[in-house]
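Below you'll find the structures, each written out as structure tokens.
Both of the next two complexes hold chain A, though its partner changes from chain B to chain C.
And then the complex of A and B:
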């Protein structure tokens, strides 16, 4: 067991940007698989609980399978694997695209989870020291701060809807879609109400009262941080080069 | 008995038990108050009773059926649950639609059911607000709307988490009377509250939770 890496949040941001850029750019499954293994290795280095991220991916697995089926239905490419009459339900191309989406989402979710190993305050401080305007950095921190709360609210709302006596597993798809549409109203309203209350609270605490902000806490990059940034950028460039030329 | 909790333990994280081997029985025609300090596990117990949370060990039975074998929809047809934050259980763009929602979702929109909706709108003093956007209502109004919405399904039992929060004295009294009327109809209740006046007025039984266990279980009325 190696001790957990304690990197500056800016170094972690560079690693996440490199990994997710590659995830979006790469299309060959072999390369994406290798990138997933590399991401898992990085997650292990940071002692990240990968199982939680994998759990999140499992929840959207059905959506990914649906995407794979859509790819098969609307493209003629590939060999049909499952057909009804002349209509191809699953083709090799669709399956390949579906697996690609699964790998891409897994890599992005896992790499983004690296940021959870730093506090949101540190991430914002890192962005400010990178000369990002405070207002934008603050918005990022609010986003990070409210995500778990929003997730909890959505879950409660979903539960509340079912507790109205709706047996989701037993109703037909058309009614199911209509039922799900009822989740939109509380979700959107909750975000709007929270935003309004938050802005009022911020104004009352004199947010942006002065054009310049000072900060007691400052982050300092160490040799290790520079080494990881350099390593990430070099490896990403190397992968790009290999991918384009071979 | 309507709800039976048998040796139920639960924790949000491994090794941190919020509730420790709790056993209790809740009956219809009974107004049970669940009280205790913050973090004693009241809301967690309420969520376990309606199947929102699943026990780590032990079992919960509703009308003889294990909750682990029931869907939330099945439980919702028998038990009404009021969340601490009422806006989490409001789904439509007008107060009137909100009350009819359960009927629409369950394909039960006949005239007698519509009469029930109108009756509840009157009972909860929501008729003047029928065309209002629910999310702009006051906290107390949202609380009344959420309460009325769960009663549309005519549940046999109610689990209410802090139902008096945001209600003024008059509205608390109105709510007390409405709940007494429900009890008279045979609807059982488990109410999580700190409201002393509310407890003294309504409670048949008071369960006090402390550190994840039942510290006392007292019947106040014979």
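And then the complex of A and C:
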């Protein structure tokens, strides 16, 4: 096993942007498959635990199958693979589009997971050193930090409801939607209270005292970081060139 | 003792409320004094402290009358960052006060906002964490610590701004007995260093730390008689 690459978060960001841009731009399955292999290689280089990313992709698999079916139902292109009467359920075109979406999502999720190998503080610091306004970079970091807390809050509200004897799995859809609407208000109010307390804590620690702020840590790019940025940009340009001309 | 904080004829009514929650409050707190503020839930203890910290009317809107002088200067003429350098606020729930991925970043947040040079920020991080006995947790994620430890980190983050006045808004209420003992010890230490402290308390066992106990009842401050 090779030692884990310790790159500046900005270099990782460039790699992620390059991979994601290619994933969005490329249409041909062969190119996308090659890009997925390249992304897996990068993930291996950074010793990224891909199992969590694969778990996330699994969750959207049903959506991808649904997209494949929609593409088959509403376009006449391709050879029908499964049909009921005159209605095509799955066609080669739909299947191709579905696989395309699956590959695209897999590449984006895997590449974005590269950023989890840096702390959110380092990413924010990197963005600030790239002259991004601090408030904006901080907002992103706070969003990431509070998402699990919000998920926990929603989970708690559901548990509280179930403890009152409401079995969400057994009640009909119409009542289920009505019940969810009841939960919306306490959840929104709890989020607002959390947000207000957080803003008070920040303001009382001199947030935005001056237009600029200093930093305990400063990130410094090394030769290796520049090499990876250059390599990523060159490879992305090369792939674009090949894709457009061949 | 010189006066550190002076409140005169303070009235406050929340935006949507018909009646005032604080009615003609006047209070003088001397330098190095520890005040405990007691009263029933919803009587306005936190509201009074929000007024003192300038959170009202800046974040919580409402009708505010009267005057609050912080070190002789009207709080209405100060910005919140200016208040933050003089007054630290420790809230009830440590989870809503901690937002950084490491303890070190959490403590450095305030000094960084003040644009202090890097060596000074480093010094303040080490000093604040040492003061609350949490230096060994410097590189940990604050959310992996116990409730008491989180509250100590929240306190250290406030201390990094070197305030002379500290407000503890039921800061002990969500802690177990060990966590409570940790924070109580810190309050004693801060008191011995001459810091002015205002504690909002429900638990009468905690008010033994105070030099003076004030009871907020029906919007007015009265002498504490031993029960709410």
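As a convention for this text, the second predicted complex is superposed on the first by the 196 of 246 C-alpha atoms of A that agree within 3 Å, B and C clash if a C-alpha of one lies under 4 Å from a C-alpha of the other, contacts with A are read in each partner's own complex, and residues count from 1 in each chain.
To be clear about the criterion, a contact is a pair of C-beta atoms (placed from the backbone, for glycine too) under 8 Å apart; a residue touches a chain by one contact, two chains touch by 3 or more.
Since this is a predicted model, take the numbers as computed values, not measurements.
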**Request:** Could you look at A:28 and tell me whether it touches chain B, chain C, both or neither (first, second, both, neither)?
**Result:** neither
Contact-wise, after the overlay, does A:205 reach chain B, chain C, both or neither (first, second, both, neither)? second
When the two structures are overlaid on chain A, which partner does A:49 contact: first (chain B), second (chain C), both, or neither? neither
Contacts for A:189 in the overlay, against chain B (first) and chain C (second): which applies, first, second, both or neither?
first
The answer to whether chain B or chain C touches more of chain A is C
- chain B versus chain C as contact partner of A:222, first or second or both or neither: neither
Contacts of chain A common to chain B and chain C in the A-superposed view none
Per the touch rule above, chain C residues touching chain A in the complex are 53, 55, 58-59, 79-81, 83-85, 87-89, 91, 93, 95-97, 99-102, 104-105, 108-118, 121-122, 125, 154, 157-158, 161
Residue set of chain A touching chain B in the complex reads 153, 156-157, 159-170, 179, 182-183, 185-186, 189-190, 192-193
Within the complex, chain A is touched by chain B residues 50, 52, 71-77, 79-81, 83, 85, 87-93, 101-102, 105-106, 135, 149-150, 153
Within the complex, chain C is touched by chain A residues 119-121, 141-142, 145-146, 149, 194, 196-210, 212-216, 218
